[in-house]
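Chains here go by letter, A, B, C and D, matching the order in which they are written, and residues are numbered from 1 within each.
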Amino acid sequence: MSEREAQRPVRVTVWGENVHERRDEPVRALYPEGMHATIAAGLGRLLGDAAQVRTATLQEPEHGLTGDVLAGTDVLTWWGHAAHEEVDDAVVERLHAAVLGGMGLLVLHSGHLSKIFRRLLGTSCNLRWRNEGERELVWTVDPAHPIAAGVPQPIVIDAQEMYGEHFDIPAPDELVFVSSFAGGEVFRGGCSFFRGRGRIFYFSPGDQEYPVYHHPDVQRVLANAVRWAAPVGERGAATESPQSPLGWFEREAA
Amino acid sequence: MSEREAQRPVRVTVWGENVHERRDEPVRALYPEGMHATIAAGLGRLLGDAAQVRTATLQEPEHGLTGDVLAGTDVLTWWGHAAHEEVDDAVVERLHAAVLGGMGLLVLHSGHLSKIFRRLLGTSCNLRWRNEGERELVWTVDPAHPIAAGVPQPIVIDAQEMYGEHFDIPAPDELVFVSSFAGGEVFRGGCSFFRGRGRIFYFSPGDQEYPVYHHPDVQRVLANAVRWAAPVGERGAATESPQSPLGWFEREAA
Amino acid sequence: MSEREAQRPVRVTVWGENVHERRDEPVRALYPEGMHATIAAGLGRLLGDAAQVRTATLQEPEHGLTGDVLAGTDVLTWWGHAAHEEVDDAVVERLHAAVLGGMGLLVLHSGHLSKIFRRLLGTSCNLRWRNEGERELVWTVDPAHPIAAGVPQPIVIDAQEMYGEHFDIPAPDELVFVSSFAGGEVFRGGCSFFRGRGRIFYFSPGDQEYPVYHHPDVQRVLANAVRWAAPVGERGAATESPQSPLGWFEREAA
Amino acid sequence: MSEREAQRPVRVTVWGENVHERRDEPVRALYPEGMHATIAAGLGRLLGDAAQVRTATLQEPEHGLTGDVLAGTDVLTWWGHAAHEEVDDAVVERLHAAVLGGMGLLVLHSGHLSKIFRRLLGTSCNLRWRNEGERELVWTVDPAHPIAAGVPQPIVIDAQEMYGEHFDIPAPDELVFVSSFAGGEVFRGGCSFFRGRGRIFYFSPGDQEYPVYHHPDVQRVLANAVRWAAPVGERGAATESPQSPLGWFEREAA
């Protein structure tokens, strides 16, 4: 769709909180190099030359998200859970500005309570939950959406944490997936939001206790979402507040 | 909200196809006077003096929906299934004009394939289905919506026909309820649409083989929806195509 | 629409920054008792017994917005411009929680850059502007919306500050009014947003240098918006994050 | 965004009513080979190898829109005005099915009253109008939308027919452009709608009496819209109504 795609790969930064993987043995067993490494590998495999994928983690200076890194990032993916409050407010400001300026953002699973997601959406982003390893079915409700391309109806995830309604978000700009759980709950688990010049996609599967990011259909959704969230053309500046004297556009055109 | 409410009751016409009730013994056992009679009684009980409720059926002349009846109807409810094609096209045209002019419309269950619903929405309105009498849970995803007022989270309906995604409708203007079924499917079963000056609400529970319209929570949803769908102020005319000479509004204001 | 209306008046708090009125002679000439007093008087005149209207200003302790005041406020209106940064962050947090819990919020004109509006919307809320006292026309694009009831097409405001696109907000949940200006710009100046349990309406006319809040059609819009933004039923709590063990809703129902 | 783009060009059919051009001398002077020829040439120039563009007109058998033509069309553009009623209902049915199955549709100017547009949207699509050759300004309200890429803020069209609000359409899924006119009216003239698997874009500039389709910015919008409306992947079938026995998806996956 964009000229960019013809020119160069999408530059993806996969961000990982990287706490559970280091302290919880069962998580390390699933993701020995960290969840971010598995997510990045899945994107690399599916997107090939169409993407350049790197990772960054909470523990790096500035969480690995310096101004230079963000300037060179078309799409950022975000997984966090145990350490939302440890994310530096200055970095959150930088992320916020980057998204409004056009950087795509994929917020994963427990990232619903991250500072950046709540900052962008303005609501509590609270939800119902239960971690009993039950089956999640991810249903496509918008089959023509690019993020649903090549995704089975439904995606079957054998064991997952339950996330249920009410999910306190603004009405999504696009609702792509709705999940059901063995216990009966439903969840709007695949939602897009447009904010400033940026595209945001929230995708709920992905608790650290289950091998969700090894699931090929989940990987497919993430790869589709990276393509979809990449800015059209070059990254733009955020909207400013120009004082525009009478007739300004006639003079500009002349 | 509207001045109308202070002045007079909402005038409701409950329309019933009235075919299954007459030919299928199990349906007659559930609804001896017809599904429309049960729906109307529920509305009357919950809305009391705030509503005037009458019924109309397919078998009446002009299906009971003459121009006079529609002119005196603030909100019409529609249940049909076996005889969609027997609804006269001229009546459908009249209904369409009435909704665009501001008449509220509640479309129930299998009414998703009615001529009037498909005409208003423009899509196929097809969906996945299975009639095995399984449990349906109706989840509120918009708890501040007036139609969800006083409704439990979730509504539990012990036995229902399954309706599942993909449901081929335009993205609803408001998504209020999402159902899950024992078999695992999900369904956007409580949706509002604004068309012309009219408010439309689709509510999926209500197969004729189960006593759904006797369920107090279902009755509550329908009563809320009647209040919500009633036009603000007097019924307006549909938008026309005025030729408006330069300066028309300055002259009108003078 | 709500039971509340039948029971008691809508409790409105009109908040004014109250800076221009005290320091700028031309503004004081238009609004000798403050813009908030004029706005409150207009609401009182149009809503009568249906509303209880009080005012609060920046200069009061806690800006007049204590927890008790907010607990007793169904709808808050907000006008600010010169002193956005002087609004205490703790009060903004309280406002934010109140809106998510169901308090209605009307944000007026330059309030687009207030802390509370940007906090709720998550974007910069920047826009194009020019203050040359030109004619604004406010066009209704959603004539069936309750906020547009009784409003002429268009509202003519002889002199106003220009606000123009791009206006950096999320796509509104409902777009009710679009303005044009003599200089040619357009602006989405009447927008609703649903956040948490709260209803938010932004209405752009109202620069302090012009007698906009004395305009009867503007007063009508504000009165309609107060009715529309009032919570349905009692104010609810914001959504929390309940841990919900398997079968929780079956036990609750039992 | 889609794999299709990498594989083959977008197949575009530019449909023209072709009545004014043949009977009205001033229109013929502007568009000697028909408006469709000018529109097609603009698309060809801007899209180059990325598109294959052909034309079809009302006067051809089946209006040039046989099943084979539609099966080989990714995006159809539609300009009509004087002869909406002459479009055969069977062709409209075919178009409707094609859009629901994923064919993109660009509806231009007076095509707002075409059978296919009203059929897809379900409303009257009426609007206010005046043909006095006044200046139209097309403002981008969604600058990150692909259809707005490379488009100046605003587009200045020196002379055009006025189209004004209220425009009786469903709330657009995306609002991209809003126009103002010298006489003061505003119009939601750049709107997208998702219906079935198809993407629809309505763009209002383009009265036959003015050289609007020679305007480079208008040509840019149309070229962007063609890219945007092209289906992702292969054209799909419309949603059907599958009866899905309990456990169907477990058996399919096995």
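By definition in this document, a residue touches a chain if its C-beta (ideal position, glycine included) is under 8 Å from a C-beta of that chain, and two chains touch if they have at least 3 such contacts.
Predicted, not measured: the structure shown is a model, and the values here were computed from it.
**Q** State the chain with the largest centre-to-centre distance from subunit A, centres being mean CA positions.
**A** Of all the other chains, the one whose centre lies farthest from subunit A is B.
**Q** What's the call on subunit C versus subunit D, same or different interface residues, using the half cut on shared numbers?
**A** Since more than half of the residue numbers are used by both chains, the interface counts as same.
**Q** Only C-alpha atoms count here: how many degrees separate subunit B from subunit C in terms of the superposing rotation, rounded to the nearest 5?
**A** 180
**Q** Using mean CA coordinates as chain centres, what's the gap between subunit A and subunit D in Å?
**A** One centre to the other, that is 32 Å.
**Q** With chain centres taken as the means of their Cα atoms, state the distance from subunit A to subunit B in Å.
**A** Each chain's C-alpha centroid was found; their separation is 37 Å.
**Q** Spell out, as numbers or ranges, the residues of subunit C touching 2 or more other chains.
**A** Counting only residues that touch two or more other chains, subunit C contributes 137, 142-143, 153-154, 164, 166-167, 171, 184-185, 194, 196, 239, 249.
**Q** Mind pulling up the subunit D residues that touch subunit A in the complex?
**A** Against subunit A, subunit D makes touches at 1-2, 5, 102, 137, 142-144, 146, 149-150, 152-154, 156, 194, 196-199, 227-228, 231-233, 236, 239, 249-250, 253.
**Q** Considering the complex alone, what residue numbers of subunit C touch subunit A?
**A** Answer in residue numbers: 100, 119-124, 126-130, 132, 134, 162, 164, 166-168, 170-171, 173, 183-185, 193-196, 238-247, 249.
**Q** Give every residue of subunit A touching subunit B within the complex, in rising order.
**A** 135, 137, 139-143, 153-154, 164-167, 171, 174-175, 178-180, 184-186, 188
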